[in-house]
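Listed below are the structures to be examined.
Next come two complexes, and both contain subunit A; in the first it sits with subunit B, in the second with subunit C.
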Partner chain A sequence: MSASIARTLPFFSARPAVLLSALMAASALSLALASPAYATRSDLKIGMSIEPAGLDPTIAAPVAIGQVTWQNIFEGLVRLTEKGEIKPQLAKSWTISPDGLTYSFTLQPGVTFSNGEAFTSETAKFTLDRARGEKSVNPQKRFFAAIDSIETPDATTLVLHLKEPAGNLLYHLTWPAAVMVEPKSADNDKTNPVGTGPFTLKSWTKGDRLELTARKDYWDKDKKVALSDITFRFINDPQAQVAALKGGDVDAFPELGAPELFDGFKDDKKFIAYAGNTELKVVAGMNTARPPFNDKRVRQALMMAVDRATLIEGAWSGLGTPIGSHYTPNDPGYVDETGKLPYDPEKAKALLKEAGYGKGLTFSIKAPQMSYATRTSEVLQAMLADVGVTMNIVPTEFPAKWLPEVFKGHDFDMTIVAHAEPMDIDIYSRPDYYFGYQNPAFNDTIATAEKTTDDAKRAELYGAAQTMLAEDVPALYLYVLPKLGIWDAKLEGLWKDEPIPSNDLTGVHWKD
Partner chain B sequence: MLRTLARRLAGLVATLALISLALFLIIEVLPGDPAAIMLGTSAQADTLAALRHQMGLDEPAIARYLGWVGGMLHGDFGISYSYGVPVSQLIGERLAVTGPLTLMATLISLLIAIPLGVFAASRPGRIVDQGATLFSQLGIAVPNFWIGLLLLMALSLHLGWFPASGFDGWDHGFWQGLHALFLPALAMAVPQAAILARVTRASVIDVMNEDFVRTARAKGLSRSRALWRHVVPNALVPVATMLGLQISYLLAGAVLVENIFSLPGMGRLAYQALAQRDLVVIKNVVLLFAVIVIVVNLAVDALYLLLDPRLRGRS
Partner chain C sequence: MRAGMMRWLRDNKALAAGLVITVSIVVLALLSLFWVPMSPTKMNIAQKLKGPLENGFSSGLLGKDHFGRDIASMLMVGARYSLTVALASVAIGAMIGTALGVTAAARPGFTGAALGRLNDAIFALPPILSAIMLGALMGPGTTTAILAIGTFMIPVFARVTRGAAMQVRARDYILAARMAGEGEVTITLLHVIPNIASQIIVQVAIQLAMAILTEAGLSFLGLGTPPPAPSWGRMLADSQTYLLKAPHMALAPGLAIALAVLGFNLLGDGLSRLIDPRRRIER
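Up next is the complex of A and B:
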């Protein structure tokens, strides 16, 4: 505060009365705010493409729910930082037994939910039991499958006994689906979320906006929460998103809907435009259970027919990171596999010929309506045509039609989606997953990795798994979608990268 | 008169019953499991089953249909899957936007179409008439969401006269609400006005050739007095018919325009509910659209009686 007053002094020095009232107003403001360091503006209007389906991330999968509530309203035992590191949150510290079967958490004392209820080991036990129990509708119930029993020796100690070691347990506990809820309010969190975070829901005008307001009794005094009022605006049309930014209806759009509109903000000094990392892996999955994609040579040939740089240029204005396996450069243990089957149309043709498709190959791709999917399919279609492959594009509504047809019914040749869940390479080892990929060596590697608690060893195993996929190509590994963030140049503290879909606004503030 | 009204009402109820059944059947065959959409691609079979049970999706179809209709008779329209609030509340909030929006669009279209049509008809082949024809052709050819985008770019972004998106609600005052709705209403009104102007012009020209107009002129009435006093009132019946038919197009147009302007109206609700397979919302919103179309048609029938005294004697 003192710094910002010093800067405003010269303007008022000629008129002491004005100066006095300005000082009084400023000090009143600084009293009203939790954090006196940033007193200029404490409201934020932030734009999102998709409105959340309810506000309880523990009962529904849509990422928009976590993008509103995670860290802002709800907190977990542990949290994830912008860099993807696991840090303490409601659990102050923890120890893991040498056999990896017992996790003992020491919880933060003095934490309350926004309805006044205390957060204790009992609440934590309730949350985890609700997520793993028989009636659970948690979209990530499998995260909690390793937990055998939960003990609460005292109010600030929580002990998890596992059936088998789970190397990713702490990481999974950072997710929106694992946030802490409270017995009296849990059933109504969908409409009236009650968490331990620094903000609470103020109002929700469905279809338009949602307002959060800062809590005065937030437990974590070390966290400098500068914002007092947050408005999420839901604007689906990319043109309207640009209009809202330029017209000042929103201060930030952390994920702009259209890459071709992104460059327009780069020269505008009022805004900062930053293309960050996400976990959204765009892959063209193939049905490896049936011809022609049960033949590895065909899959490899198609991979070699793809020039990733040109594809990203054509489909997403060059904004995107090429990948060679089902893994992003942000994640621990990343191995660059883009050179394994490099662009080589001649080799692709030869390989197709060897597999018996020298005279051509025709198949269809079920492409969802999202613009990245339709555009990538179109560029892919042209690239495959160059090696004598005819790919027909079949528009398939996502998720309503895609889920029963492709995901569950396995009725497809090829499809294309951005897999949004971080660190989900294990999907290739899940039985009956839509790729139909079956590789016992891969399954073993994943199973061992999941049981390994040593971070370096686990990363190494995930590296080996990436290499196997890059060799077998059950899906064409294309690129990672960027996080096209645009925000007011005076705004600081928004996440540039996104190790998990979120809008953590607890560290956001205005420069004076 | 009363008997006609009773017959009409009975017809209305029968139509609604049929529509509700058809709607339910269409939703039954619509691909997409709301529980699977809610829980995403990592959901386990047991969680899916638990959610389906919670949503009542595991009940037989006939029980679900009767439950819906029975609930409606008690004023209970169900709970939205995605929002978790009563559908009646959602629809109520959204009607506060779409109702005034459609009304405003209708008024604007009439304010453009009737003067334009009448002037064009009174001077056939002249510059006003040619201008009106051009406007009609452009208005019919260009979709409303594109007009919306153009208006948005020109009047909101460049000139800053109107808010670019969203609707702050009616709490901030009536005029501010109207201000926010003006551009989308105009975008919806232009294609309507184009069609109505055409109908008005044709109808006015027809009536102008009638004997009674010639008689009126022969008795010494001025050209413009004959036009406004005798021709226009008689020419409005086809315009009213068209207006009634247009209401369904107007409501359909609201879906696109509300998305462009990010307005929290019924159209956007229907669009979002369909994408998320919020079946409870879809069936009630579509049924409400059907009710609106039927009621408007009834209202147009009543309007005939006002516009044409000859019809009052019948029935």
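Up next is the complex of A and C:
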């Protein structure tokens, strides 16, 4: 036995000097490998609960599409930072005319798409025309409705003429739905996305993983893109998500599915666990078009039967921010309305009696299968039972049954869902939205706000709109879901907060 | 007398154990109609995930769930729903299945063959899948669960009764009855069914175990009795993500399901030993 070792490794027994020098060489090599220039990893495996159905954020609404492609594959004229600020991207700079009707953008020169095509003002015009045109299926088509005409005086100048002032236009241009696409490849972006971003699609194994790889010819040399390979893994079951993190199958899970599993990572030195802000407003919408919810007193009574802090503790392990209106604390112009109809079961009972439901009230809630929805419904059910209200929970598959029954068919009493889109308070002013809420004063406030270009004035108008909703409660305003991010402690640059559903990986890197 | 009972117990260990388990579950379920330690629907978020007797009797004999509800009380009321669904679905299966089985035995020609094929077709449908299908059609709930499990039980009973009825029909007393001028319906009702009743009863006990397990499976998937009514399957589903933090949440309903299934299986096995002369000789 020992003879065979001596034979394979001759210096082991015979020549200590050689051994020593070999060891020194080996340690020198490992030192060299450990230095930042060589040793840092450049691959990242990131986990998501839900797999996107396609990869073109300009033709479909699911947020998972933007969470893979936005900033990584596709870029917009302007971008949003982690703090929610609007920053230049493909547009270097811009000017807005005093009347708010003309936006002139100066575009970045030398930008190419991943298929080699150049990005010019013509491409930008094509993108915007595609998004606002008659045949557009853009999920946020209304964002572009204010645009009257588009001019392209030269390759790096883009001029938008508006029909009326649009205070949110720049903000809306940061969205995944407003990213720049290119005429030759646009039709195939769903399966083969071609953008100006630092990464391109390498492969997509449906139901399992999606791989991105870094571009060598990325235009923005100021941006230090450290990653070369990104793998998105799609894992729906919260237990499996935890197992994948602990086993090293994924390096990061920006949105863990179960809050009760989040605590376990807080004491683990290998991971960073951070509960950040999101725009996911959990609201229990009521059908205000039909009894009993056409009576404001009933809606107010139900709101007063809800103890938000206890609800969050019960449904989401206390991780969540109470809200009193359809607005999150990170949005500009936020007003804390949680004190408007505070928890007061006695008052709630009195109000129900006044509305003619003193002997009790029975209705159903169509609850989707997502765990925040089922759990919140169960706690709501118990809280409402305390004021003599019987709420039956009807499980309703999302999106397959929920969309046709609740969203389109308006066949429901109450429902519960997390509204993911930032700054979407205007949904209450849309004529055929599922709440059936009709308030001309509210509609006017929203319309004025949308036309206001002055930030402070617009924030004030949105504040007034929040107060109206807090008073009328077309939905029970419950809480904002946290972004339960967990990632390897050696990983830096992941977004902690989420002003828009996304996974911007362009600034992510490994510490040595 | 005493010695006789001891011998009976020794000879029928399975039956005795099965009886003890099932009777206690039934008694607890019936007791929950009049009394439970705490309200099974009352939430107490401050007490959530507390282990058994962690805070003395206020945290309950079996601890609290993720909403601070008392698990012991939920198990008792849950037993009622489990048993109701199991009994109702087995009743449906046994009645329709027996009717089909004896009919097939009485008409061995085309009708018998057609009923046999129909049975095979129903038998091919797994109960969970057919429940999902029914749930989509009529909305999930207790009735859906009963119908789905009941439908699945029909072919099981039809097969057992058909085989047993064929054997009985070959006996001389059936021939005698026929000679006496009795019609097929009278023969089936008066002579066939009473003579195969023992086999049906054994099958009922075994299928009750199946039904309880399937009901728990459906509730686990959210297709059983809707909340706030507690159900064993949903309690188990809820406990999944709390497995490390509060294992008592999973253990309680898990053991309850296992015990109930074991109890009815032992009962069925014991009954069949008691009734079936061939198996009695085996010992």
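Everything that follows uses one rule, which is that the second predicted complex is superposed on the first by the 473 of 512 C-alpha atoms of A that agree within 3 Å, B and C clash if a C-alpha of one lies under 4 Å from a C-alpha of the other, contacts with A are read in each partner's own complex, and residues count from 1 in each chain.
The criterion applied here is as follows: a contact is a pair of C-beta atoms (placed from the backbone, for glycine too) under 8 Å apart; a residue touches a chain by one contact, two chains touch by 3 or more.
Quick caveat: nothing in here was measured; it's all calculated off a predicted structure.
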item: Joint occupancy of subunit A by subunit B and subunit C, clash or fit; value: fit
item: Which superposed partner A:Asn392 touches (first subunit B, second subunit C, both, neither); value: second
item: Touching partner for A:Lys246 - first (subunit B), second (subunit C), both, neither; value: first
item: Per-residue touch tally on subunit A - higher for subunit B or for subunit C; value: B
item: Subunit B versus subunit C as contact partner of A:Glu378, first or second or both or neither; value: second
item: Touched partner set for A:Ser93, first subunit B, second subunit C, both or neither; value: neither
item: First, second, both or neither for A:Asn294, with subunit B first and subunit C second; value: neither
item: Which of subunit B and subunit C A:Thr81 touches, first, second, both or neither; value: neither
item: Which superposed partner A:Asn115 touches (first subunit B, second subunit C, both, neither); value: neither
item: Contacts of A:Glu313 with subunit B and subunit C, given as first, second, both or neither; value: second
item: First (subunit B), second (subunit C), both or neither touched by A:Leu261; value: second
item: Closest Cα approach, subunit C to subunit B, once both complexes are overlaid on chain A (Å); value: 7
item: Common interface residues of subunit A - those touching subunit B in one complex and subunit C in the other; value: 239
item: Residues on subunit C engaged by subunit A in the complex (per definition of touch); value: 41-43, 45, 48, 66-68, 139-140, 222, 226-228, 240-245
item: Subunit A residues within the subunit C interface of the complex; value: 238-239, 258, 260-261, 263-264, 310, 313-314, 369, 374-375, 377-379, 381-382, 385, 392-395
item: Residues of subunit A defined as touching subunit B within the complex; value: 51, 53-54, 59-62, 134-142, 190-191, 205-209, 233-237, 239-240, 243-244, 246-247, 249, 397, 399-401, 403-405, 407-408, 421, 424, 427
item: Residues of subunit B defined as touching subunit A within the complex; value: 30-33, 36-44, 46-47, 50-51, 54, 81-85, 90, 93-94, 149, 152-153, 156-157, 160, 163-167, 169, 259-265, 268-269, 272, 275-278
